[in-house]
Amino acid sequence: MRRAIARVLESGPTRLVLEVPGWPGHRPGQFAMLGLGPELLHRDPLLPRPMAVYRGDASALEFLFKVVGRGTRIMAELAKGAAVSVLGPLGNGFAAPDGPATLVGGGSGIASLYELAAARPAGLRVLLGGRTRADILGLEDFEKLGVELRLATDDGSLGHRGLVTDLLEPREGESVYACGPLGMMQRAQQLASQAHARCLVSLENNMACGFGVCLGCVVKTPAGFRYVCTHGPVFDAHALGWGARA
Amino acid sequence: MRRAIARVLESGPTRLVLEVPGWPGHRPGQFAMLGLGPELLHRDPLLPRPMAVYRGDASALEFLFKVVGRGTRIMAELAKGAAVSVLGPLGNGFAAPDGPATLVGGGSGIASLYELAAARPAGLRVLLGGRTRADILGLEDFEKLGVELRLATDDGSLGHRGLVTDLLEPREGESVYACGPLGMMQRAQQLASQAHARCLVSLENNMACGFGVCLGCVVKTPAGFRYVCTHGPVFDAHALGWGARA
Amino acid sequence: MSADVDLRAELCGVELRNPVLLASGTCGYGSELSPFIAIEELGGIVAKSLTLEPRAGNLPPRITETPAGMLNAISLENIGVEAFIRDKLPALPPSLVVVSSVFETELDRYAEVCKRLDGVARVAALELNASCPHVKAGGIEFGQDPRVLAQLVRACRQATRKPLLVKLSPNVTSIAEMARVCEGEGADGLSLINAVQGLMVDVHRRRTSLRNGLGGLSGPAILPIALRMVFQASRAVKIPICGIGGIATGEDAVAFLLCGASAVQVGTLTYTNPAAGLEVRDGLAAYCRSHRVARVRDLVGALEAWPPG
Amino acid sequence: MSADVDLRAELCGVELRNPVLLASGTCGYGSELSPFIAIEELGGIVAKSLTLEPRAGNLPPRITETPAGMLNAISLENIGVEAFIRDKLPALPPSLVVVSSVFETELDRYAEVCKRLDGVARVAALELNASCPHVKAGGIEFGQDPRVLAQLVRACRQATRKPLLVKLSPNVTSIAEMARVCEGEGADGLSLINAVQGLMVDVHRRRTSLRNGLGGLSGPAILPIALRMVFQASRAVKIPICGIGGIATGEDAVAFLLCGASAVQVGTLTYTNPAAGLEVRDGLAAYCRSHRVARVRDLVGALEAWPPG
């Protein structure tokens, strides 16, 4: 695996599409480190940003993101043809469900769930939420899939007014895939464990390297420290214990 | 005067055209400080770069440049519509000739001479030089002026093979305006003084501020330190003594 | 523009319109900035460091760029204390708070400059520049040796009744020790940090980028070092601290206040934008509004502890 | 790929394919990089600092970004010297030069780790990490007190016959003094600099960005500080120096060599690009080609003086 210098095909406030020469393909839930100054014209921001692969392949790899700071603001303003360094695919990714599954996505967390949904496993339910309608990234894409889809927004601008986890009714023995704000994932894990369902979550820690050398992305679990970039980002939520995170 | 946030209208390997709201106009030989990260998305490169105003006005202000390092490389790759901070006009600029004049320009120094030539004063001669044909910035624009124009290149790819100062024959009492590499300006000053001609040169020191507060741009003259940004960039070459420069 | 938020600050007895000043050596004598901004809207300025006699400074190159920063070896070029009092002070807006920075190469000369400024009503406070990383005179900085620093503060303390700030050198093993020394000798406050000693190389010419070799590193690159030192010093002494180092935004200023600074100084960023100081003030006000902070001074030292993991 | 230029270097008796190593703590135990690069093409690696027993390190957040740099408080998490020798060393390419970094919280434990590694043929040299800015244990760093540093070097010198490098802390008043101390106690070489102590604030949460508060600043931001210290140390001692700090390009490496370093280590930049070390080597070769330098070692200390102004 090598760091590739990709070119921006399409860029907008929440979506980035890159041509990534040599991208070998990836599993749902894997991520890439996106570097915003590959030719070192800019030495700042210095660190690449971890982003879940939304969908696509070498000819057009898509990312969905929320602007929360300088790095994502720069991403949102990238010019067509601009160079971006891409290291990936990284992390373990999601294991495909072996039975019925419910996907619970909130905010930018939605990005890592799309390809699971696109596989349309039997008995699939998809629950997406955000503060407002605009925060539900990739909504149109999910609607196109024609899967069982339910929505929630804090302000009621779309679907149920309230938390997306209000819509979650785990089925015994199913797999719940939750990705989004910490509180949302914790709630999903609670409900899943009460219903004796499996629960997989994808964590979003600050990262420097993404491939296991900086030791910066640790999460504390009952079994000790785990590295989100190499042991994760996907973890069995029941085993996490929700210890200290970045 | 305020720092303006300009937009890139046109950008290329040697030319930058900006829309600069509120640009008050300028004199030939004045310069601007161009900042490459106005929204502070990038804190590096930190310092703005001094650039002579080539020509134009608020609706389209033109700069010609040579890529010598990171800042100019970034300038050459600016996207259309990108933001650039512009502080100026700065410096004293050239006094218009009160008699015959010869303009001697080398490399990027050519940029500060164009508007003097465009005024077509009586008895004007323009001598431009560069390493090769490609190094003579703005050549087409000067040719369009229909002024007496002679050219020199080190490799003979255009005009006289050799130094542009080989073409300089100062007329007694005239004004020689020289702008380019240090050695070229020194040679022009020598020839001018032998012919009892005036000689004005524009110096290019490294600058941090461009408006007189950092004291970084000094040049040592027999009369003491002078600041290139406020006392210059244009100096009476006969009074310079060519002391230490940045 | 920010009447809603109470931006007023106080620095060792001096009332400030807001906590954002401009750092010594980065705003000249003030007048250089008047073409660009209404300078009196700032919390104040710290004028370029003054010596008894005018000084010419180093030969160029004196400045070079570094990653997210710059390196300088101006070597304290200045017009001298008399010319400052005679020519520069009268030209400044009456409502502008002016702090005078003092630098010399010997103890008694330091004290003389302080004495000369003590009688000047227009000067609100003095700042001792104990920390010029690039002045060869004497080699080691006044601010690098606790005993020498103590002598310096004592001598100048006796020379003036004006509020006395000591600007510390960051090039020390323990900033807390230096802070205690100043407090012990009667300093009214501390300014930190000055530029960090650095060096850059022009690999093409195989020479140091600056003719002087060594220089002072400033700009955003040193922000984390400055925050650390303000954090450490504010826990070592009770006298107020003016935070300096790499401030580019209102949030940078907030970070210094939270670490214990009562006010801040903007330096290098003024070179990139003459209005940087005012924009930092505006950003500070915006932060207070969005975080429901009624009075900026409520932020001073208001860092919260991490919950146990 | 650069057969034309002689890139070979030597660091206290150890022959290096080229002068570019990877810095301790930024390349794990080597194997982490093998998916990305042919690690044996590097001049060598300095493995993550080892302690007698495995260490777990600090609670997160452990890292945050800074202007042109980053701040970390990993607190020397490592698998312990035994596991390194047993599990990690055998997995590394035989032709790779491996330097082991040693860290502990007490003198005798430092020496014990050195003794344990002294018998391991695969380890080419030891690097004493005397300078972890963010380890609370003991408070002040070993590398900040000349007497403690002398004791440390003496103890470890007696514990090993392998080439002994001492990695100095930049958080000192005089790096030259610390360098002389190490030379005096028989160190074979110096590595500098380690991360600079810093602190960042999350203004939205009103907390330090790192749970540990203090952290180590690294990356391009500290390049001018590192160059300055290598410049000063190389003029204070005769033993070879390995330059570290913010190296991102071949020209950055050239700057360190010109200042007197015999080799360099690339650290933080490996996080942004696993191939950074090899690209620095290639840039170094390209510089030599375009500047007609036949042997990289001819650059060591080859800084030229400025002509009188």
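Brief remarks follow.
Just so it is clear, A, B, C and D label the chains in written order, and each chain counts residues from 1 on its own.
We adopt the following convention: a residue touches a chain if its C-beta (ideal position, glycine included) is under 8 Å from a C-beta of that chain, and two chains touch if they have at least 3 such contacts.
Quick caveat: nothing in here was measured; it's all calculated off a predicted structure.
Between chain C and chain D, the least number of touch steps comes to 1. Common neighbours of chain B and chain C under the contact definition above: A, D.
Here the two chains linked by the largest count of contacting C-beta pairs are C-D. With every chain reduced to the mean of its CA atoms, the largest distance from chain B is reached by A. The centroid of the Cα atoms in chain A and the matching centroid in chain D are 35 Å apart. Centre-to-centre spacing of chain A and chain C amounts to 45 Å, using the average Cα coordinate of each chain. In terms of their C-alpha centroids, the spacing between chain A and chain B amounts to 51 Å. Touching of two or more other chains is recorded for residues 59, 66-69, 211, 219-220, 248, 309 of chain D.
The set of chain B residues touching two or more other chains comprises 43-45, 220, 244. If touching chains are joined by edges, the resulting network of the protein chains shown connects every chain directly with every other. Against chain A, the residues of chain C that register as touching in their complex are 67-68, 220, 309. If you check the complex, the residues on chain C that touch chain D are 59, 66-69, 71, 140, 144, 171-173, 196-201, 203-208, 211, 213-215, 217, 219-225, 227-228, 231, 246, 248, 251, 254-255, 258-259, 287, 291, 302-306, 309. Considering their complex, residues 41-45, 70, 73-74, 77, 79, 82 of chain B touch chain A.
Contact residues of chain D toward chain A in the complex are 26-28, 32-33, 35-36, 56-57, 59-70, 72, 74, 77, 211, 219-220, 248-249, 268, 270-275.
Touching chain C in their complex are the following residues of chain A: 43-44, 220, 243-244.
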